[in-house]
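Shared between the two complexes below is subunit A, which has subunit B as its partner in the first and subunit C in the second.
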Partner chain A sequence: MLSIAVRLTRYAGWFALLASSGVIVVTIVWQSIDGFGAVDMPTARLRRLFVNTIWMSACATVMALGLAIPAAFALVQARREWQRQCLLVLTIIPLMTMPSVFAYAWLLLATSSHPLIQQLTRLVGWNSPGAEPFHAAWVLATWLWPIPALIMAVSFKHIGAATYRLACVDASAVRAFFFGALPVMRAPLIAACAIVFILAAIDSTVPPLMLSFDVWAVEMVAQAGMARHDARASAHLLLMEWPMLVMLALFVLSAMPGIRQMAAWADDVGAGDTGLNPKTASWVWGVALILVAAVTVFPIVVFVTTMASGRYPPAESFQRAFDAVRSQGSSTLIVMLAAAACALAVSLTVVDGPGWPRPLRIAGVIAVGLVLTTAVLPPPLIGTALISFYADENISPSDRWNLYENTPTVWVAAMLARFVFIPVCIMRLLNRRVPQDVVDQARADGASRIQSLACARLPMLWRSWLAGAMLVACLTLSEVVASELVQPPQWGGGSLAVQVDGFMHYGRHNQTIAMGMMMMAPAVPAAVLMLSLVGLPDRRRIIRAARDKKAL
Partner chain B sequence: MMCRRLRVTVLILPFFVVAAFSGGCDRPAVDESAVERVFGRAGRALGEFHYPRGIAVSPIDGRVFVVDKTARVQRFSPDGEVEHHWRMPEWKNGKPTGLYVDGHNRVWVPDTHYHRVICYDRDGREQFRFGSRGEGPGQFIFPTAVLLDDEGYIYVGEYGGNDRISKFSPDREYLFSFADQGEGWVDRPTEILMDKDDILWVADACNRRICQYTRDGKFIRAFPIGGNEPGQFSFPFGMAFERSGTLLIADRCNNRIVRMDRLGKELESWGTQGRGKGQLLQPWGVAVGSGGRIYCLDSWNYRVQVINW
Partner chain C sequence: MVGIAVVIPPRRSWNWRRACAFALLCVVSTVCGCKKSPSDEPAAEQSVVIYCSVDTAFAKPILDDFERRKGIKVHARFDTEAGKTTGLVNKLLVERTSPRADVWWSSEIFGTLQLAREGILTAYRPGTAKDIPDRYKDADGLWTAFGLRGRVVAYDPKRTRPEDLPRRWADFTDPQYKGRFAMADPRFGTTRGHMATLLSLWGRDAMVRFHEGLRKNEFRRADGNSHAVLMLTRGVVDFVATDTDDVIVARRRGDSVAMIYPDMDSPDGERRVSGTLWIPCSVAMVKGASHPSAAEELIDHLVSRLIERKLYASDSKNVPVRPMLRAELDAIAVGESHVDYSAAAAVLEQSDKLVTDVLLR
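Right, the complex of A and B next:
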């Protein structure tokens, strides 16, 4: 039965993949076929937006690095396992939270009437004219810094530790990290910077909240809304988006050496745990914890203090927020669960092994290529392509209801296209860690390909498999732009994230603050659960191996 | 073994397919018969809209004015032919969310994200502006609604920090604020009207009710409670009086137009959620023109539906 379930899940995964990423790629290519040769050169206004976007994203990347380096240093230098786990949970939370929440918190802080806050904002020039792009860059940095932090921590574990220990011979821990370890981790660091830059460049929710409207992504959202009524909407948007796509492609290429290097670590099972480092003072972890907690927990602090002085009592505010989000909450929850389920199925399509037939292995590579392609596409292009196919082509098995208008299918497809690359990459990489002799033994015992997948590979991968799906669910909850474009007109109440983001544009309001906190709440247990699924088993194996080695 | 597998697969697969397609429901009944015409579509060209959020009809010549997220105010004939347009002086921070046309054919625009009110003539020539950002007397934070009564007094509703209605003299001197405390404390007043009995009607959107005040700002009553049952509102955004005295309300999140009597009783409603003719998506406003025509600002469908209802 298990192997039948696995087989059916793989079929469903292919179906979901083709219905999401496949449809997007085919629609864009199909609609563009007639359009090539009519590439729009950006107008002066669009060129200005493009330059603004590069500037803002570059600042966000630098600031994110500034936050990430001390956090990464503390992550690798934590003297106790529980310290590292605490830091990891705090590091992961921002990634699983809606970026608008961070933007709103900074907006509330900047518009606070508290004399001390006003003095501080005046001191740093927060409200100086023309500072809005820096505000947006800073908020993006506070959202995206976990990416370089985690990449640096993993890189240190695999390649930086040896150089670091060597440098520690006659340098302080901090100097050894900065001048010994970081240069060795150059390629992954560049990859991390490229990822942050890309995510900052395609984000269109933070800049408007920080009053930085002159960025490319914001303009493209408006264009996507108007392209809906164009017969070749995807081509229209693609031809407008080509400068951004070229830039994204360049950044992806620059990140490839680092990504390849990190992918190779998937085979390196016994990579060293840094363990206790006697050179690092224990206060280092404390300072890093305060910094990381301050950045991560900062929105909560601002929300609580603002709500305390607001018009409605907190309990009433939460009640009003709950009433307001009830209809959107249930439809968003359904889409989250559906996206997570589809992510589980899709990520199973890329799990194969050396003994599998060549066509299936090629299919797995194609699946990875599809999901990575749609992962770097800007959300407006994803939403427009899906609407073009499902709505305009009236794809429906029935006359009585429409797949786009009456079901969340297109919404789920958009979320898959945006985020399924995460569990797909996780499964693809971790599958390489499964000992081949275990699989060979199963095959020798008469297990088929699917049975060996179900009974030999999956038991070793299921934790990461679930963690990837959980991440997709959390990111689905936070997605604004793609959700807004593809919300079904006659199903459910719409996206919770879209509603909350909309409210955040209208100043301080206790109900909006309550909504922001509700949006942040799932990230905490999700982060803890993810770590318990992914972090501990590997660590236990490493510690056990070290202990066995010691005994020998 | 193969036959068993095949049987199980054939048995289970259809359920999976059905489950994947589940959630569909029959399309709700659509009342197209009331729709006289539809004008506007998505775009930035003349006669096109990008998420329109304010509509008003001139009581003098029946011209329809619409403001959208391109920060343009467009003027249409009563039949929906675009005649003229102009743009707000600034729009980087955001675009207006309301519109009002007074008895002198002047167009009042609460310039929401610039915390001021600008008055234009019907051709878009600015007459004056007033207001600045702040919480003090005569200052605004996110003004959303404007009204000029028959004596020339100006009422401005705001929210996002102030949550009140301020009254100004005909010379735009600040007089007092009301609806900012107690039972009558508004939360996002999106429309202000005055009826023949000099009672102010306020669409108190985030409190999901309609409030009544005297000219002096004294709270009279409020109705009804929020929800999506008949008689309940989910964010009432726009309002307009019909000649018969009944009130039309754009019930934004319930995607319908509600007709209500002066006692707060819902008489009937029109519109269902959707993109077709006779359907609405997030209607931000409603206005009544000559001959009883009702102009429904169908915001997320980027259009105006003119209904005879």
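Right, the complex of A and C next:
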């Protein structure tokens, strides 16, 4: 019974994968074969957008690294488990929060009428002319820093700790970390930087709020609107995007050595050294913790203080915010759950093993390739390609198969195309962590391929499997651009994130502040739940328990 | 299967069976949440699809109110700040053969005129629009306009002296405004219509000189009108071209912002056009609408006196087009210039080309 369920889920996963990433890639290629159309934008302007985007993304990457290093240091030097867990929750929260929330908090700060704040912003030159790209970069960094922080913390456990201990013999803890541990972790660090750069380059929600408009991603949103009447809309966008896509592909390639190194750690289940140095002064850890906490809770502090001085009392503001987003809430929740369910199914399709037939293993590799390809595509291109396919009358002529207008299918497909790479990569990497002898024993006892997957692999993977799907749900809640483009005309009330993002463009307003807090609230329980699911000690205990029993 | 039991980990509060149950719950709730197509619904007329480029903050309460009053479900699709109006106009154009929208509610009129010219709209003369002047109604009943917003220059009175203020739009090519002026992307929204209006008034050569002058003066491009005002309040620029509602919203939140109504004289001074452009919202029925009677009810509601009154009372403060209502509310469209909207709409594409080739080069 269980193996039938797993088999059916895998079939559903293939269907979902083809209906999202597959459709996008095929549509773009199909429309491009017919020609790209003409780009009606001067080359000089395209060049300017390109340069601005590189500049902003590079600054965001450096700033994110600046925030991530102390966070990673605090993570690896936490003396107690609760300290580590608290820090991990604070680190995960920004990733689960809508980036516009951070941008809006900084916007409120920059336009504050409080004399002290005005003096401070003047002092640091926040509102000086031409600083807008730096503002956007900084906000992107405050959203994306957890990626390098977590990668660095994991890298430290596997390759940095030994060097760090040696360096600590004749150097201070901080010096040993910076000049001993960090250099040996350069491959994973480069991968982390590449990921941050890519995400910063394709984000089109933060730069407009920080008044930095001349960047590629923002222009592509506008172009997606103008290309709607074009029969080859996605090909047209692809033509405008290609320099950016080539650059992003180069960044993906540069990240590969680091990703391969991290994948190799998945084989090494016994590895992992906390690298805890008892000589590290507690104030160093404390300072790092304060920095991490300050960055994470900054929006809440700004929201609460601004709301307290606003025109409407907080209770009324929350009521008005709730009234404004009520109709969007239910449809967004359905899409979140659907995207999570599909992500579970898709990520199960990529799990294979040494004994599996070659065609299935090749199909798994193709599936990973598909999801990685669409993961780096900018959201306007994803939305445009999906609309081109699903709303085209030649493809979906009858009401019965009209998936775009009356169902959330296309919306879910867009979310999958954007975020399913997370659970897919998690499952792909952790699958290697499952001890092969356990699976071999199951096969030797007569279990089929699917039975061994259901009864030997899944019990060791389900926590990460769920955590990946939950991350997809959280990111779906925050997604703006693709959600706006593919919103079904006759289904539901639209996207919550689109609505909140729309309100944020009006500047300071208590109702919008309340909306921002409502969008940030789910990140806290989600981060706690995620940690409870993927806490490393638990998983290691399970694997060790399995090995011990096998040895017996 | 005997040996498999060995590897099952110690039980905890969650297990993998619960994970499967969770996945099943996700699937079931999604399936339950998916509605059938309207053609399957017993009361197919009880919903209406509206494409709306009016700002969500102003339009949504009005549409929610209509839902409550009439019991008709409104599926509203709004435009992004960046793609204001143009995105939805293009969407309507591409859906020409199988329209998905029933009603089109635009924050301006030029896109609506373009749609009327393209044959996307169908005639409907709302009964509630009888007291709207003919200038704001299509002779063939294809659209009805109401609720004016003016194109203004916003500035910070604390930073800018009165003698530094421009008198006409063309003054922004003057070197004294170099690096101090911003406006929303002129390929979208009311700024697009504004540029087309100036082109229709001044002619191509004068417009090219104006665009070149703005470019030389390093004008700053914003994502939308509200962003342009944010650029002003943040001190990035000293003057922004925007709509009256964005200035009023900024004032209500306590920002130091004032506005003036520049004349639309041509740069060389040959063509004198006193006053600024006031742009009405517009409503129309889409040809081939799936829910015509619900669409008619919604249009009747939107162009009614009640909505004009509500829009004037809101932060948007749209000035009514009904003379009686204007007098009653003591509302004035300051410096209103009576331009020919159709002439401007006729050169929209030409204006877009000039903007792309000269201004945004």
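In this text, the second predicted complex is superposed on the first by the 518 of 552 C-alpha atoms of A that agree within 3 Å, B and C clash if a C-alpha of one lies under 4 Å from a C-alpha of the other, contacts with A are read in each partner's own complex, and residues count from 1 in each chain.
The definition used in the following text is that a contact is a pair of C-beta atoms (placed from the backbone, for glycine too) under 8 Å apart; a residue touches a chain by one contact, two chains touch by 3 or more.
Since the model is a prediction, treat every value here as computed from it, not as a measurement.
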Fit-or-clash call for subunit B and subunit C when the two complexes are aligned on subunit A: clash
Contacts of A:D170 with subunit B and subunit C, given as first, second, both or neither: neither
Contacts of A:M460 with subunit B and subunit C, given as first, second, both or neither: second
Which of subunit B and subunit C A:I4 touches, first, second, both or neither: first
Contact breadth on subunit A, by residue count: subunit C or subunit B: C
Which of subunit B and subunit C A:G225 touches, first, second, both or neither: both
Partner chain in contact with A:P408 - subunit B first, subunit C second, else both or neither: both
Which of subunit B and subunit C A:A110 touches, first, second, both or neither: second
First, second, both or neither for A:G502, with subunit B first and subunit C second: second
Residues on subunit A lying within both footprints (that of subunit B and that of subunit C): 111, 113, 211, 213-214, 222, 225-226, 228-229, 311, 327, 334, 400, 402, 405-408, 489-491, 493, 505-509
Complex contact set, residues of subunit A against subunit B: 4, 7-8, 11-12, 15, 111, 113, 211, 213-214, 222, 225-226, 228-229, 311, 320, 323, 327, 334, 397-398, 400-403, 405-409, 489-491, 493, 505-509, 511
Subunit C partner contacts - residues on subunit A that touch it in the complex: 2, 5, 9, 40-42, 44-45, 107, 110-111, 113, 127, 129, 132, 208, 211, 213-214, 218, 221-222, 224-229, 311, 324, 327, 330-331, 334, 337-338, 340-341, 344-345, 391, 393, 399-400, 402, 405-408, 412, 438, 441-442, 444-447, 451-452, 455-456, 458-460, 462-463, 465-466, 469, 481, 484, 487, 489-494, 498-499, 502-503, 505-509, 533, 542, 545-546, 549-550
For the subunit B and subunit A complex, residues of the former touching the latter: 5, 8-9, 12-13, 16, 20-28, 41-44, 48, 50-51, 69, 92-94, 135, 141-142, 159-161, 163, 185, 187-188, 206, 226, 228, 253, 273-275, 279, 281, 302
In the complex with subunit A, residue positions of subunit C that touch it: 1-4, 6-10, 14-16, 19-20, 22-23, 25-27, 29-30, 33-39, 47, 49, 51, 55-57, 60, 64, 75-83, 86-87, 90-91, 93-95, 97-98, 100-101, 179, 185, 187-188, 221-224, 226-227, 229-231, 233-236, 249-250, 252-255, 353, 356-357, 360-361
